[in-house]
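Below is one structure, written out as structure tokens; the observations come after it.
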Amino acid sequence: MDSPVKMHTKDLNFFYGDFQAIHNVSIDFTQNQVTALIGPSGCGKSTYLRCLNRMNDLIPGIRVTGKAVLDDQDIYDPSLDVVTLRRRVGMVFQKPNPFPKTIFENVAYGLKVNGVKDKAVITRVVEKSLKQAAIWDEVKDRLNESALGLSGGQQQRLCIARALAVDPEVLLMDEPASALDPIATQKIEELIDQLSSKLTIIIVTHNMQQAARVSDRTAFFYMGKLIEVNDTDTLFTKPELKQTEDYITGRFG
Amino acid sequence: MRSGFLLVALFSIVALSLIIIFLFLEGIPILEHVSLKEFLFGQYWYPTDDPADFGILPLILGSIYVTVISGMIAIPLGVMTAIYLAQIAPATVSQIVKPIVELLASMPSVVIGFFGMVVVAPFIQQLFNIPVGLNMFNASLMLAFMAVPTICSISEDAVFSVPTALKEASLALGATHFETLVRVIVPASLSGICTAIILGLSRAVGETMVVLMAAGGAAMIPTSIFDPVRPLPASIAAEMAEAPFRSEHYHALFAIGIVLFVFTFLFNLLADHISYKFRQVGEASL
Amino acid sequence: MIKKRLRAQKICFFLLKVAVAINGAALAIIVYFIVSRGWRAISWEFLSKPPTDSMTMGGILPCIVGTVSLCMTTILFALPIGVASAIYLNEYAGQTKLVRFIRLGINNLAGVPSIVFGLFGLAFFVIVLDMGVSILAGGLTLGIMTLPVIIGASEEALKSVPKPYREASLAMGATQWQTIRKVVLPVAFPGIITGSILGLSRAAGETAPIMYTGAVFFTPDLPSSIFDEVMALPYHIYVLATAGTNIEATRHLQYGTALVLISLIFGMNLFAIIMRAKMRKKLKG
């Protein structure tokens, strides 16, 4: 466990107006590891995830206290540029949301927005990202077709390619396979495994078996609180708290 | 019960058909005096002369120029206001701005025309050092403010209904809000915005009182933006009173009505076609 | 690089705000001129007496009466037809070609220029149906013009009635018409009324459709039947400002009439919005 901590939160609290959704959550996310966030519906794991790239800022009336740190930068520091943060901390959403553009344009989007103009560079990065997302072979002959013509599983891998194209350091995945069929899900899980050697991945999932399969560490959330966090093997075989054990064995869900 | 309601619903079609029928009934007879080509492309409109000239090209050009210029003002104003309202304005600002646009929409055309005639005309006459302030520029300016509310409210609906998921996807990639607007949201709502523009311009073409009072009333082909013009609707309204019943002049005015109707009919057909064919973009399907 | 992008965003967002401000300014300027130059003409006499001395003095009572009579005719004609059409389209109609045809008809009716309505009204109501220049002819012309607005507003109001209401009624054995009459219409009523008043307020301000069908330059008496010709507020402004006997001297009358007209229209808008809020409250109990 000599790898540095890439991101961590310390006593993070999150409020929707008066309602407190996240209570004093502190987690370390080690570099190049996959951490899974599990817990029943509505326990706050997605809200917590969206704090890490400040996507919650889009909601009016929210408040955050405590710290969330990327490398050694407090990401809620007022002087921090949110736009750059979101490039460094990428996100894949629950429902695939490709732009109504061509496959090529989708992946190139992040590059163009960041000022990359060299066509050769763009083409190269697009190809590399599509390969990283394990979808290159399926789309290499139809890069100029609309992304909306792809199947659900393909669209999600396209969204992953799109996120990878801007070379993020952390990838947040919010239930990325929950809307997909089992075969597409398997492909996504294989992808996570490959990507984790270069990226720090934090994945929210309501599927415990998936968490057990893909992650190195797992954090169990309940009612906005962090109940337990540990190496995945340990959490699933020898949970420390009864609450964790009850959830894992399906006594509630 | 159902058939009763159906019959009533057909009333709109009946009304539209009657309008078309009577327009043509009273307008076609002019072709006994001039050929269609002379009518549409003749450069001289002297209906009360003897022999009369019934060329409406100056009127058509007047309409076209005034619509184009007012479009150049109204389209940016309307679309930009729509984008602001739909994507940027906080709720409190939105609550003030929306009623303003609606109030502008209910402003009667005669009042806007009156304002153009009485306030704007002397102002631009002085400002630009021109002989007369009732001209194409004045009318275009006033027409723009009649078209803006239409363009704004339809565009706003279009921009507003772009799914949030697309906005989130763009922001999560490290794009600024503005870049997201320009590269994702506006392109996705383009068909709605186009419909809005077409309907707004259609309104400008058909508007009568503003051009009647502010455009200057000269049925001549304009050579500068400060020339007085007499677009199609203004000609009808101005001369109807002096045209003896079922005279050549009378038929000519109805024929102008046909031309005007055809213009706006085509505009509306185009808008309908665009909004049907290029339906708003939705989320990715699974 | 990021600074450049954020600066571009700042500039462009500022330009957007400028566009909005221009709209607000335009409205403010127009209202300012009308109010500041018109309020001096407003007095009880102005509102209750007819014009005198070749319309260079006096009031605008016949115009107010004329506009009100035209509006009443318009709404009496357009409201039943409009609501019934909306009921058909929303409650009974399928997705057939006929329905699409009807909708096309309504959309195109909505796009017809106001002067063309005037021409039609002249040719059809005034001449063929021999109504003469009258409240009836003018009101019917305005009515056809307002019809699409009322249909649109009514349809929206009907659409916003939740499906479960209809389903509950039908499940109790009520016929569709009973359901519409007793359940759907009462709930949609506020929306229908608001939309109709807003549509009517536009009709009140229209000049072109009534120029040759109902409104005249001057008439000495107030109307006594719907076959009488009338004066009307919007037409009066136009007439005084372009063809009056002493345009400059009557300028204050023109502003005053304009002020009365926009007050009437804004008043109707306000009334409609308040009424809707009140009725909605009542429905929620």
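A, B and C label the chains in the order they appear, each numbered from 1.
Note that in this section a contact is a pair of C-beta atoms (placed from the backbone, for glycine too) under 8 Å apart; a residue touches a chain by one contact, two chains touch by 3 or more.
Every value quoted in this text rests on a predicted model; they were computed, and no experiment measured them.
Q: Counting C-beta pairs in contact, which comes out ahead: A-B or B-C?
A: B-C
Q: Which chain, with its centre taken as the mean C-alpha position, is closest to the global C-alpha centre?
A: Centroid comparison flags B as closest.
Q: State, to the nearest whole Å, the distance from the C-alpha centre of chain A to the C-alpha centre of chain C.
A: Taking the mean C-alpha position of each chain, the two centres sit 54 Å apart.
Q: Centre to centre, by mean C-alpha position, how many angstrom separate chain B and chain C?
A: 18
Q: What whole-Å value do you get for the distance between chain A and chain B if each is reduced to the mean of its CA atoms?
A: Computed value for the inter-centroid distance: 49 Å.
Q: Considering chain A alone, which of its residues make contact with at least two other chains?
A: Residue numbers touching two or more other chains: 83-84, 113-114.
Q: Can you pull out the residues of chain B that are in contact with at least two other chains?
A: 176, 179
Q: Can you list every residue of chain C that touches 2 or more other chains, as numbers and ranges?
A: 5-6
Q: Which stretch or stretches of chain C touch chain B in the complex?
A: Counting only chain C, the residues touching chain B are 5-6, 8-9, 12-13, 15-17, 19-20, 22-24, 26-27, 30, 33-34, 81, 84-85, 87-89, 91-93, 101-102, 104-120, 122-124, 127-128, 144, 147-148, 151, 175-177, 198, 201-202, 204-208, 211-212, 234-235, 237-238, 241-242, 251, 254, 258, 261-262, 265-266, 269.
Q: Help me check something: in the complex, which residues belonging to chain B touch chain C?
A: Touching chain C from chain B are residues 1-2, 4-6, 8-13, 15-16, 18-19, 22-23, 25-26, 76-77, 80-81, 83-85, 88, 97, 100-104, 106-115, 117-119, 145, 148, 152, 176-179, 199, 202, 205-209, 212-213, 233, 236-237, 240-241, 245, 253-254, 257, 260-261, 264-265, 267-269, 272.
Q: If you look only at chain B, which of its residues touch chain A in the complex?
A: 90-91, 163, 165-166, 168-176, 179, 183-184, 187-188, 281, 283-286
Q: Would you mind writing out the residues of chain C in touch with chain A in their complex?
A: 1-2, 5-6
Q: Using the touch definition from the top, list the residues of chain A that touch chain B in their complex.
A: Per the stated touch rule, the residues are 53, 55, 58, 60, 83-88, 90-91, 93, 95-101, 109-110, 112-114, 147-148, 151-152, 155, 159, 162-163, 166, 179-180.
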